[in-house]
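Look for chain A in each of the two complexes below; its partner is chain B in the first and chain C in the second.
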Partner chain A sequence: MSFWRVAHAVLRKDLSAEWRRKEVLTSIVMFGLLTVVTFVFAFDPSRHAREDVVPGCLWTAYLFAGMLGLSRSAAKDSQDGGMQALLVSPADRGAIYLGKLLSHAIFMVVGEVIVLLFAVLWFDLGSRQLTPAFFAFIVLGTLGFVAVGTVFAAVSQKTRLKEVMLPLLLLPVLSPIVMAAVEGTALVMSPEGPRGMKSWLQILVAFDIVFTTLGFLVYGYVLEE
Partner chain B sequence: MTSVDRFLLALSAAGMVALLYLIFMVVPNEKTMGFVQRIFYFHVPLAWVSFLAFAITCWEGIRYLATRDHDHDRVAAASAEVGLLCVSLVLITGPIWARPVWGIWWTWDLRLTTTLVLWLIFLGYAILRRSIPEADRRAVLSSVVGICGFAAVPLVYLANRVKATQHPAPVVGGGQGSGLAGIMLFTLMFGFAVFTLLFVMLLRARTAVARLEDAVEEITMQPSGPEVGHA
Partner chain C sequence: MTAVVVARALSRRFGRSWALTDVDLEVAEGEAVALVGANGAGKSTLLSLLATIRRPSRGELRLFEQPAHKAQEKIRARLGFVGHATFLDDALTARENLRFHAALFCVADSARKVDAALAAAGLGGRAHDRVEGYSRGMRQRLSLARALLHDPQLLLLDEPFSGLDPRACVWLAERLRAEKAKGRSLVVATHQFEHVLPWCDRVVVLHMGAVVEVAAARSRDAGGWALRLAAVAEGRA
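Let's look at the complex of A and B:
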């Protein structure tokens, strides 16, 4: 099978498994919403400017919900022996990574959009805030998140600590994504306009390129161990 | 201990004594910061050594994945351990200096945040190693995490650079108005040399211990090996 067909097959397998069970997406959406609500209780948003609270609140929710989703997905792969079967086949490891990366990215973006719909209601967001740049930050930030997250979730599954290991490894490495996504989104939402946004976008793009390439190269080693 | 190790030990011990003499007896007090500025001669070389250590962890991780020779993994692990010790010391000496000079223990600026993230990344690396009992698996997974962790450091630095910075600009080669008086510069350079030497010595010693640990494990895991655990 060619590279792209393997990636496509892995993606389709993940999507149809998720369609039947809806485990990953449910955990992402529920945990994301609960994080936003907890944030509202902790930092009363009526007392702060919207652009000071909403970006941090959204991205914290996305990160923590995303980690839960990644753990769930990686655990499912190792429990049911699906990954074992995939490894027996002569499938290209890079293609498996690409398929996994895309399926994780799709779960994340769908979950993020659902959480965002609630945020639109709760924080009164409109077309002033939800510009193409806003969504560019979501897509680029999510890509960076899943590029590292897919690798580290597979790593964590193979340790004794399992899903507890994931945030310990992932959060420090993701700190550039967190900073760039939160600061960039805040600039998009600020009344002064999105000045200085470009350097944050550049950092996100650089992160995405570096870690997608690295993940592509090392994922096979992790799987085969 | 090989003769090289003994030589390194003697050299770094003598160097450290000379360095302490330079720092506390020879170098003059800095004009505005006073006596506390002397911690800078420990702080900066330690920061350099910790970056060197994590670069070695990344490099040896790559070499392990390419060759599957466990010795590369031992060097990577030893380097990360010594590096973690050095970053911890950087994060301790920094606030001791910052409190009297800046008036605060900590600030979220470029270099401080980058160093803290570096510390967290390799703390994760150390916890990862302890949570995988199988040697092969531990070597592969920690190589992967070591490589990714080190690759993140420049990006952490860049992300932090976009924000304003409060940390003193590099005093050596930091543009106009920077620079050290002769003896201060010499002491700093001497500090770099001594701490690098100390690092090499510790790295070799820790790697040797790791080799022994692995050898012991191999012997005790053999079915005909000595039985352990009798009460």
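Let's look at the complex of A and C:
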């Protein structure tokens, strides 16, 4: 009971604070849109095949915008001893992790939907590309990203380099997730059909389970030491 | 009387430097202890070890007669900590902040206790205002209300008077005296002796991470303690 109460309290507090500040979501949306616009100018959609450009464009936007968002969120937690407040409490560290993971996932998904709406407009994407499988890759890729990102965002705040340290720590660990998400999204959008998509989906699910479990187990240690 | 804190040869290292070396400390139930010393003497490090935020590099720490790092959840439920930072989220209202902390400590009947805590802190009328609009004194009162919300047995305070105006200092000192009178144990790190000497039982003087003196608080007045600290800082003691 107390586990869910703590997870719910952390989630609710993060969402309430973000609803008023709009710092994390603004960072994610602005950086994401900037990346998509850059891709639109670099790869003219009328002269390049969408399936070649869009998966890379979307995941570049999501990953880097997401890292910015995670950094903002972790920096806010460090201000005024927000993280220490969690540390001095007897709350289950796994419950704190779950609350943080869910709040980060919600920020990411909301930011991703807004960026996707613009990408749909600018790249002229239709129902042939935006299939349930497409959204499955986005959701699973995002879950893997926030599962690892929530832990490393907390770690990076304990280092001298803070925001600079987050991508250095995160990107190497995320590489299997990024690879599976980009490849899978490209296959879903491919005119030849989504052959081989299932294996990328399985890889994503497997890494999501591994990373979420590891995050759940190590978050307390990471916060304390 | 039961000892709520028993520290033996407590030491903490950051990298190559020792912030705390072989500190022995006992705090009895209902006792108030002031930690004094110059900046960098090790007061905050000692408090962070007592609050179980950090682990000692060496030595033994028992809180409420249990090893500090074995029964952490139970121990933390009996600790209240007011640190340098307020531990409050500026974007939330006072009530939302306290309700969040009530959830972290699984406080039963939290709505009623939050209202009571806000009233006791004199913030009942501003409960729905965001903390970002609060003065330093109001934040500190709310921070104390947060630390007391779960009715801790041991209250740890790190420089609670810093940045407060004289009126706020008097209010806080009176509030801490009242908490001691209720039987709570207090450990207060401070430079402002005048606010703690009237109700503290003992003063522990720290210098460069080591305890150099433990004496009854009333063995000197505030001026006497200030002179003593200056002598310690200059290496004349």
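Note that in this section the second predicted complex is superposed on the first by the 223 of 225 C-alpha atoms of A that agree within 3 Å, B and C clash if a C-alpha of one lies under 4 Å from a C-alpha of the other, contacts with A are read in each partner's own complex, and residues count from 1 in each chain.
Rule of thumb we're sticking to: contacts are C-beta pairs under 8 Å (C-beta built on N, C-alpha and C of every residue); 3 or more make two chains touch, one makes a residue touch a chain.
Note that this is a predicted model, so its numbers are computed, not measured.
Q: Touching A:L161 in the superposition: chain B (first), chain C (second), both, neither?
A: First partner only.
Q: Let me test your reading of the model: by the given contact rule, A:W200 touches which partner, first (chain B), second (chain C), both or neither?
A: The first partner, chain B, only.
Q: Check the residue A:D44 against both partner chains and state whether it touches chain B (first), chain C (second), both, or neither.
A: It touches nothing on chain B or chain C.
Q: Check whether A:V6 is in contact with chain B, with chain C, with both or with neither, and answer first, second, both or neither.
A: Second partner only, chain C.
Q: Which partner does A:S89 reach: the first (chain B), the second (chain C), both, or neither?
A: Touch partner of A:S89: chain C, not chain B.
Q: With both complexes overlaid on chain A, does A:E192 touch chain B (first), chain C (second), both or neither?
A: Neither partner.
Q: Name the residues of chain A shared by its contacts with chain B and its contacts with chain C.
A: On chain A, the overlap between the chain B and chain C contacts is residues 225.
Q: Within their complex, state which residues of chain A touch chain C.
A: 2, 5-6, 8-9, 12-13, 16-17, 20-21, 79-82, 84-92, 224-225
Q: Touching residues of chain A toward chain B in the complex: what are they?
A: 148, 151-152, 155, 158-161, 165, 168-169, 171-173, 175-176, 179-180, 183, 196, 199-200, 203, 206-207, 210-211, 214, 218, 221-222, 225
Q: Quick check: in the complex, which residue numbers of chain B touch chain A?
A: So the residues of chain B touching chain A come out as 65, 117, 120-121, 123-125, 127-128, 131-133, 136-137, 140-141, 143-145, 147-149, 151-152, 155-156, 158-160, 162.
Q: Can you tell me which positions in chain C touch chain A when the two form their complex?
A: Within the complex, chain C contacts chain A at residues 51-55, 72-77, 79, 81, 83-92, 96, 99-101, 103-106, 130.
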